[in-house]
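Shared between the two complexes below is chain A, which pairs with chain B and chain C, respectively.
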Partner chain A sequence: MSATLLNAVWQGLIILVGGTFLGMIYKGLDRKLAAQMQGRIGPPLRQPFFDVVKLMVKENVVPDHAVAWLFNLMPLVSLAAVGTLLFYLPLGGFEPLLGGFGDLILILYLLAVPSLAMVLGGFAAGSPFATVGAQRELVMMMAYEFPLAITLLSLGWYLSSVMPGAQVFSLTVLASNPLWGLVGPLGFIGLLLLFCALMIVTPAELTKIPFDIPEAETEIAGGILAEYSGRNMAMFYLADAIKMVVMGSLTVALFFPYGLSGLLGVTGGIWGSVIDVAFYLVKVFVVIFFAVIVVRVAFARLKIGQAARLFWLPITGISLLGMVLLMLDRIV
Partner chain B sequence: MSGLSSGFGVWNPIAWALLFVGILVVSFIVRSFGNKGYKRGTGQTKVFLSGNDEPETSNGLHVRGDHLYWGMIDGLSAYYRRVKAWHTGILSDYAAWFVGVLGLVFVILVLAR
Partner chain C sequence: MALPRSFKRALWVFHVATGSCNGCDIEIVAALTPRYDVERFGIMLTGTPRHADVLLITGPVTKPMLPRLKRIYEQTPDPKAVVVVGGCGSTSGVFYESYNVVGPIDEVIPVDVYVPGCPSRPEAIIDGVVKAVAKLETLEKSRGGE
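Right after this comes the complex of A and B.
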């Protein structure tokens, strides 16, 4: 029993440290590639690590009118909540460590917790800019959660119609039964639409351009994070890095759970695992590249009203159409 | 450790809570290595407001419920304009809506059977 527990603790620490490290690397890649696309040199890949170290040695200012305990607690809650997500997702082709303790519905709820923590932190700052940022974040959440929920539920529903009685919202079941091979032509189009909806929700979940409206440096000086500095800011920074891995891994698990080792005839063993982990890293990078990096270089920031309209009308419409096509695929 | 099974998935709140507390403790330890000092009661602790004076807490920082929905109402203004027009404040109008929707649900239920 104690050996099992110790083993679980070690695995947990590896996931937590590994997920954070990966997130920082992807953050570095994001900045470097975005700079290259804009004709700049950009910072080195390890810049996010320097940033965290620098933030940790800077002063941790708490504004006069802030609710100090809430202001200080929320960065920790955000980091802890996003950290738990890593344990329910299949990372590197391996089964989730807590796959038997939580499913896709739990992930859907947990994705909201880091954002809510930021909102509470913003309100607790007692600053007009942070308050405006927190309000914007709430509106963003109300806007993108609906198409996200439709997308995730549609996938589970389709699998339940193909595999009655299966735990279809389990990430392990979803990742081991890719829907692309199960659907007909209508369902294929439906899946493509749902994938597009998830790719558009991803930068909103990560508060990246064009959906960085709650921060909007040029207008509200960082908004929700305007008053955060030092070690509190470092915690939000780490949470943001991990969330990037989470969103990339979620997309990969739902839409591209395929491994490469089988194709190369190296199933099982250490080399099979190495190939699958490397392939997983590439897949997560590709998702981040197209959903975050390219989008943030190509687009300008939307206004909050435009973002709310975008998610409630076209993106919800796209995800609903995807769901209907999946349903028709089962009927026709 | 058994969890709540929906037949389509499973959730174990105790496992999540333990994990959350564990990571919270790890995060707290990492955070405790950081600099905790700052200069209280100086300009440093005044909120950033583009160089403007800080408003009174009771006046400038009060967050009303409709503030939270502003972006939503603005973004979906065409929808809200129509819906607001339907909210006449006349009780008989609301009763008519209630009866109408009840009738519609009844028809749907009959057709579904």
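Right after this comes the complex of A and C.
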């Protein structure tokens, strides 16, 4: 009993450290590749590590107007929430550590926690910039949560209709039964639409351009983060890095849970997992590359009204259409 | 505490114009463009003094900017460095003895590095930022690394 517990603690630590490291590397890649696309040389790959170490050295200012305990607590909450998310996701083709204790619905809620923590932190900062940023973040959440929820739920619903009795919202079940093979032509189009919706929700969930409206540096001076400095800022920075891995892994688990090891004929053993982990890293990178990096370079920031309209009408429409197509696929 | 090496590699700068003609500000922006690309040294422009390590200040201090400049300086978390960009920040330059000018920056807040020029070249600005950090390090050392 205690041996399994110890084992779980070890695995948890490895997942946390590994996930953070991975997030920082992806963040470095993000900055490097964005720079290259703009014709610049760009910072070194380990730039995010420099940033975090530097932020830890800096003074941690709590403004006079701030509600100090809330202001200091929220970065912790945000970091803890994304850290917890790592335990519920299948990383590198392995079973999620806490897979038996939570499913897709829990992930949906946990995903909202870091954003809510930032909102509360922004309101607690007592600065007009941070307050405006927090309000914008709330509007953004109201806008993108609906298509995100539709996407995740439609996948679960489809699986439940194909395999009645299975735990369809468990990510392990979802990842081991890729829907692409189960659906007919109508459902295929539906899945494609749902995938598009998820890809567009991803930058919004990560507050990246064109949806970085709550943090708009040039107009509201960093928005929610405007008053954060030093250690607190470093925690938000880390949470952002890990969230990138989380969104990437979620997309991979839902839509591309395939491994290479079976194809190459080296299932099981060390080499099988090495190949699977490497392939998983590449898949997450591809998702981040197209959902975040390319989009961030190619587009400018939208206005909050434009972003809300974009999510409420076209993106919700796309995801609803995807859902209807999946339903039709079952009926026809 | 001694500054870690990473500090030098991740400088976030905040740009304050206290009454410049905008010439120096445009040169600062030029340093961010692909031609000079300061991000390869980890230098990034931030939107708020709370995130800043280096304050890049241009222009003579005009009367309305006086309290604001002090406030921005106080808002910046330690350790921080102040770099004055351009002739008029260093000496009041062409605005010398203007009715609306309090004086050069170092009459208001402590300055670490002066970058001369009207306007300063982007290379000089980058050099100034790096020198400011070198100065911070020697300051920390002379304080006995407390």
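The rule is simple: the second predicted complex is superposed on the first by the 332 of 332 C-alpha atoms of A that agree within 3 Å, B and C clash if a C-alpha of one lies under 4 Å from a C-alpha of the other, contacts with A are read in each partner's own complex, and residues count from 1 in each chain.
In this text, a residue touches a chain if its C-beta (ideal position, glycine included) is under 8 Å from a C-beta of that chain, and two chains touch if they have at least 3 such contacts.
Computed from a predicted structure; not experimentally measured.
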Contacts of A:Gly230 with chain B and chain C, given as first, second, both or neither: both
Partner chain in contact with A:Gly18 - chain B first, chain C second, else both or neither: neither
Which of chain B and chain C A:Val61 touches, first, second, both or neither: both
Which superposed partner A:Pro43 touches (first chain B, second chain C, both, neither): second
Touched partner set for A:Asp51, first chain B, second chain C, both or neither: second
Chain B versus chain C as contact partner of A:Leu76, first or second or both or neither: first
Which superposed partner A:Phe129 touches (first chain B, second chain C, both, neither): both
Greater chain A contact set [chain C / chain B]: B
Partner chain(s) touched by A:Pro178 [first = chain B, second = chain C, both, neither]: neither
Chain B and chain C contact sites that coincide on chain A, given as residue numbers: 57-61, 129, 221, 226-227, 230
Of all residues in chain C, those that touch chain A in their complex: 1, 3-4, 6-7, 9-11, 34, 37, 39-42, 46-48, 50-51, 53, 75, 77-79
In the complex with chain B, residue positions of chain A that touch it: 12, 16, 55-65, 75-77, 79-81, 83-84, 87, 98, 100-106, 123, 125-131, 135-136, 138-140, 142-143, 156, 160, 167-170, 221, 226-227, 230-232, 234-235, 304-309, 312-313
Complex contact set, residues of chain A against chain C: 31, 35, 38-44, 47, 49-51, 53-54, 57-61, 129, 217-218, 220-222, 225-230, 233
Complex contacts: residues of chain B adjacent to chain A: 1, 3, 5-12, 15-16, 19-24, 26-28, 30-31, 33-39, 41, 44-50, 54-55, 57, 60-61, 63, 67-72, 74-77
